[in-house]
Amino acid sequence: MSVFVDEDTRVVVQGITGGEGEFHTEQMLAYGTNVVAGAVPGKGGQEVAGVPVYDTVDEAVDAEDATASVVFVPPAFAGDAVFEALDTNLDLVVAITEGVPTQDMATVNKRLSEVDTNLIGPNCPGIITPGEAKLGILPGNIFEAGNVGLVSRSGTLTYQVVSNLTDRGIGQTTAIGIGGDPIIGTSFIDALEAFEADPETDAIAMCGEIGGEDEEQAAKYIAENMDTPVAGFIAGRTAPPGKRMGHAGAIVSGSGTGTADSKITALNDAGVPVADTPGEVAEAIDDFL
Amino acid sequence: MSVFVDEDTRVVVQGITGGEGEFHTEQMLAYGTNVVAGAVPGKGGQEVAGVPVYDTVDEAVDAEDATASVVFVPPAFAGDAVFEALDTNLDLVVAITEGVPTQDMATVNKRLSEVDTNLIGPNCPGIITPGEAKLGILPGNIFEAGNVGLVSRSGTLTYQVVSNLTDRGIGQTTAIGIGGDPIIGTSFIDALEAFEADPETDAIAMCGEIGGEDEEQAAKYIAENMDTPVAGFIAGRTAPPGKRMGHAGAIVSGSGTGTADSKITALNDAGVPVADTPGEVAEAIDDFL
Amino acid sequence: MRLHEYQAKDIFGEAGIPVPESQLADSVEGVLDAVSTIGYPAAIKAQVHVGGRGKAGGIKIATSEEEARDAAESILGMDLKGYTVDRVLVEQGVDFVDEYYVGVTMDRGAGEPVAMVSTKGGVDIEAVAEDDPEAIAREHIDPAFGLQPYQARKVVYDAGVPAEYARDVSSILSALYELYEANDASDIEINPVMITGDDDVIAADAVMNIDEDALFRQPDLADMEEDASQNDLERKAGEYGFDYVRLSGNTGIIGNGAGLVMATLDLVDYYGGTPANFLDVGGGAKADRIGNALDMVFADENVESVVFNIFGGITRGDEVAKGINEALEDFEEIPKPVVVRLAGTNAEEGMEILNTDLVQVEATLEDAVQRAVANAEEVAQ
Amino acid sequence: MRLHEYQAKDIFGEAGIPVPESQLADSVEGVLDAVSTIGYPAAIKAQVHVGGRGKAGGIKIATSEEEARDAAESILGMDLKGYTVDRVLVEQGVDFVDEYYVGVTMDRGAGEPVAMVSTKGGVDIEAVAEDDPEAIAREHIDPAFGLQPYQARKVVYDAGVPAEYARDVSSILSALYELYEANDASDIEINPVMITGDDDVIAADAVMNIDEDALFRQPDLADMEEDASQNDLERKAGEYGFDYVRLSGNTGIIGNGAGLVMATLDLVDYYGGTPANFLDVGGGAKADRIGNALDMVFADENVESVVFNIFGGITRGDEVAKGINEALEDFEEIPKPVVVRLAGTNAEEGMEILNTDLVQVEATLEDAVQRAVANAEEVAQ
């Protein structure tokens, strides 16, 4: 089993005619993902990588029974693209776009609360169920099917941890990059809840970073609701307060929460070992199995 | 029994310090209504007719355990006042104000869909459960407690029909003026549903008017869901198409629905007798009992 | 409140919606001046609040000065369904290959605005809605979010607008929605949006109705209102602040509350009479307002008989009676017979005050209407 | 991106928020000119992006020309926490009886903006939030609806603002929220809002942080940005489009992806080194961008050693290798030792291309960082 996506997921790619959209559509198809349609205004009737393109997501979903979308639309239009996807009753929307204005995401977030669709991202590498489906830009070759769930706010840090796992022969049920922006769809808690409900996920690696309180809330959730063991990593221990470190989310506010210390303490208190180096995450997971 | 309001309803009056607000607060109190608070920004700490005034509805509800509000705020501020009331988990908000801009009501209507509060109005005379509580401006003396429910888009037409009922010795469980505006809170269907669920309501008088499709939808609802007999009246048979007749709602669009004929036919098809004159409504109700 | 085409086009143009070059004129010379700037062909369009202007002869195309003069002479001063044409809009003639309909209105059933687009533009859109509802694509707009760009595209594609025009048409729709919100419009539409021979997209007509309840916060539009009402009685009603509609019958009706007044009109009809008007004095009317209402009704030359039907809630019967007395005492002779029915708050006090030398009194609505209808018949004979 | 006080006050003033009369000056003469218009007392305030300006001597009150000259001479050119003061705002001194805090920011946990008001203004609001959280009233704002008027009133009353100032303070809050939305602010605050001796309400300070991701649609604000960054390396990073933060250590760090770069910084620290910077080249970097990153890091005089940590996803290892080769081949002598670790997409191809005469190669993140730390120690000795 897996969470959120599997071999039956039928994907529409928003922004499929752009450079990124086209390249990653090819990559997703090569990985075996069921990409069934593209959606780009004014490009209806074209084909990209053998996939039919429609003018609207609505048409694409209707015509091809899509169940999920991946958004490769430039930041200025990404909020609107996600909004469009949320209006079509998809199960899942994955927004890859980096640099979406925060206020656009606040509006999207409000609409998200009104629908049954899950949103992953924005500013995220996507989600992969190894051997079944990849929605996003994750390099498929480093993943192996297995019994460990992975959830991370960071893209390349995820790859690092996954490659350490795979090197040890530990495969993954599903890996989710939830994205590093201040406002995101699927949170750590949402992902942890899904993994907890998945009988094939025997352990979970969770990679957080400084800024916000998501990790602290996740720690509370783990302590109260989870049986599946979780190993953690927090990036940004050496970040100075008040400095923006790439992700809009990675700002230490200096107000006592949001720091690496506060997150590590919260996780430790919830019984989650937090690794000092990315390599040690895989070790901790190995110990669980 | 009754619907929406009874002797336990605890009322906060928004705009209690205005002329209308003060006058009708006195009238409501004189009728025996449990008016427990007023709410007017900047007037917190005052008293009107012995009722304490608070700056915000929130404070008034907290301090006095109010369960309903009545809005006597001028049109320019009425939308905001209703919005404020909807944010305090009241059971019922009754908006008396006439002339609220339609776009303000569209916004209010959206918020209404997100909360559990019922709204009656705006541009309505209010609601009365004879002998228990009156929220609004209805003249209490023409009502009698009894077993007939009344729901109407019009104020004075309601009084006409009620006086005909009372003259015949037929009392009312509750009478609701839902208001004549294009966008209102409680619809005919909402009111009919409440009366249908009330074991003491043995018959219902329903007074509609031209414009919109509320009566047509109500007819469908009656045919499909109701056992309690309903007698109807539709004002505006002689109104020419396209003319605005007082209520913003009373416009015949000329597009086949919204006319008196379309409403009368729909109600007749649902088994609802539609009276030719207001006086005949009471006759029809008398026949049911 | 409906704006004139020229007013709406000014607003559209300022919002960046392409409109044809045009100029307002109120004389033949003005029209000729305008066409000399605008060139030929030019459309000469009557600026009155009447539907179907074209069919009624209120729009003419001129391809020469002679035709322009003829058009100006025939349209200026003409009577269009009861409205005298004082002004015409002289507008650049547009050579078009296709016509669409684009509009935003309030869907009262849904309680939210709806955007509508159709490729069947340039014709009576109500008829299209009736005969071929599928030809109009609709997209509901959540008023908290407003019209999202994807929705503007979606409804345009759903309507079947070709890809080469879709972007321009959806931009126009988005601009229309902004105007709808900013101006408290109740309806706003362009019928037709024309696709020109050069593939330009242009608003060839402009309809804008404003929510009268919102005029208090739309001072610029409120200023246009006086300009817009061209019927003396309606202007008078506006000054008095009455909800008033003039009809074609001979029995004048005054009441409080729209539903009750409509029911009174219906009863006049039911008893074989013909209503002359709808006049709602509103809630809580005082004596002087009642006098104004009588003044309004007497000012209508068709009126042969008057019925007052007041059911007091906020309105007090004694105030009504006082108002009737004062208004009628001013006349040497009462112009038309007045029947009065008072019920509700302070009705008894009112009945005591009422000067029954001046009016006839009835106790029930039915009796009052029957008597007024009889009075009208009597006078008419 | 943070605006200067004077920039934010201009924006506030245009939005109708009362601000003290003020003038920007970049010279002692300019300051004296300004005070001669504004009068005494006047505040002379350093315009740099540094918190706690007052305590650090960046704000002085002048009650005479002599004091104004002294203040101007001491503040202009001074170093405030690493920033040189080029400009001061000369502002009318305000005589106040009370100070409030009013602000709007994004509550990322709730995913919606929050309005905040406190009667404990004029002090470090973070400290108030920490020590006495109840002293700050909060009202979440549904972004689809915006701040409703009743909410602006509610939070002001909840904060305990006296009735006589409540209306003015809630008007300021409503105006702030409009600015927050219109300018894509991430934070906007006034601390303090002053109540003057004449019962006027005035914004004595102005903080405005703009969402950098939204600058593409805020061209006026984007123009202010260049003006705002006063650090050479940060300006260079801005030109290259890198996420870059300068730190105080000696090991330069280049990587792709914020999380991985932060983890690399943490590892440098873990192995006893000191990070000189955070530099994220982002996703899909091509050869020239890699060259720019090296240029950035070498430009920092503190750097003694560099570590490249690239885990390719969209970024391709061969492009990275090419970029490193090209950048380093230009040097006669490599300025500082560079350790490279490539993994992920096309990492093997990259390893083959990489000129190992110019760089040191390690297979794992841990080994690469340890070697870079060792290099830095070696150089430092």
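Each chain carries a letter (A, B, C and D) given by its place in the written order, and its residues are counted from 1.
To be clear about the criterion, a residue touches a chain if its C-beta (ideal position, glycine included) is under 8 Å from a C-beta of that chain, and two chains touch if they have at least 3 such contacts.
Please read all numbers here as calculations on a predicted model, not as lab measurements.
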Using the contact definition given at the top, which chains are in touch with both chain A and chain C? D
By the contact definition above, name the pair with the higher C-beta contact count: B-D or C-D. B-D
What whole-number Å value describes the gap between the mean CA coordinates of chain C and chain D? 56
Based only on mean CA positions, could you tell me how far chain A sits from chain B in angstrom? 49
Measuring from the mean C-alpha position of chain B to the mean C-alpha position of chain C, what distance in angstrom results? 28
Chain B touches at least 2 other chains through residues 107, 110-111
The positions of chain C in contact with two or more other chains are 142, 144-145
What graph shape do the protein chains here make by touch: line, ring, star, complete or other? other
Which chains touch, pair by pair? A-C, A-D, B-C, B-D, C-D
Taking the complex as given, what residues does chain D use to touch chain A? 106, 108-109, 111-113, 126, 129-130, 142-144, 181, 184, 186, 211-214, 216-217, 243, 245, 247, 255-263, 265-270, 275, 278, 280, 282-283, 311-314, 343-345, 364-366
Of all residues in chain A, which touch chain D in the complex? 20, 75-76, 98-107, 109-111, 125, 137-139, 142, 152-160, 163, 180, 182-183, 207, 209-210, 212-214, 217, 233, 235-240, 243-250, 254-256, 276-279
Chain B-facing residues of chain D, complex: 145, 148-150, 153-154, 157, 163, 166-167
Under the definition above, what is the set of chain D residues touching chain C in their complex? 142, 144-145
List of chain A residues in touch with chain C within their complex: 41-42, 44, 55-59, 77, 80-81, 83-84, 87, 107, 110-111
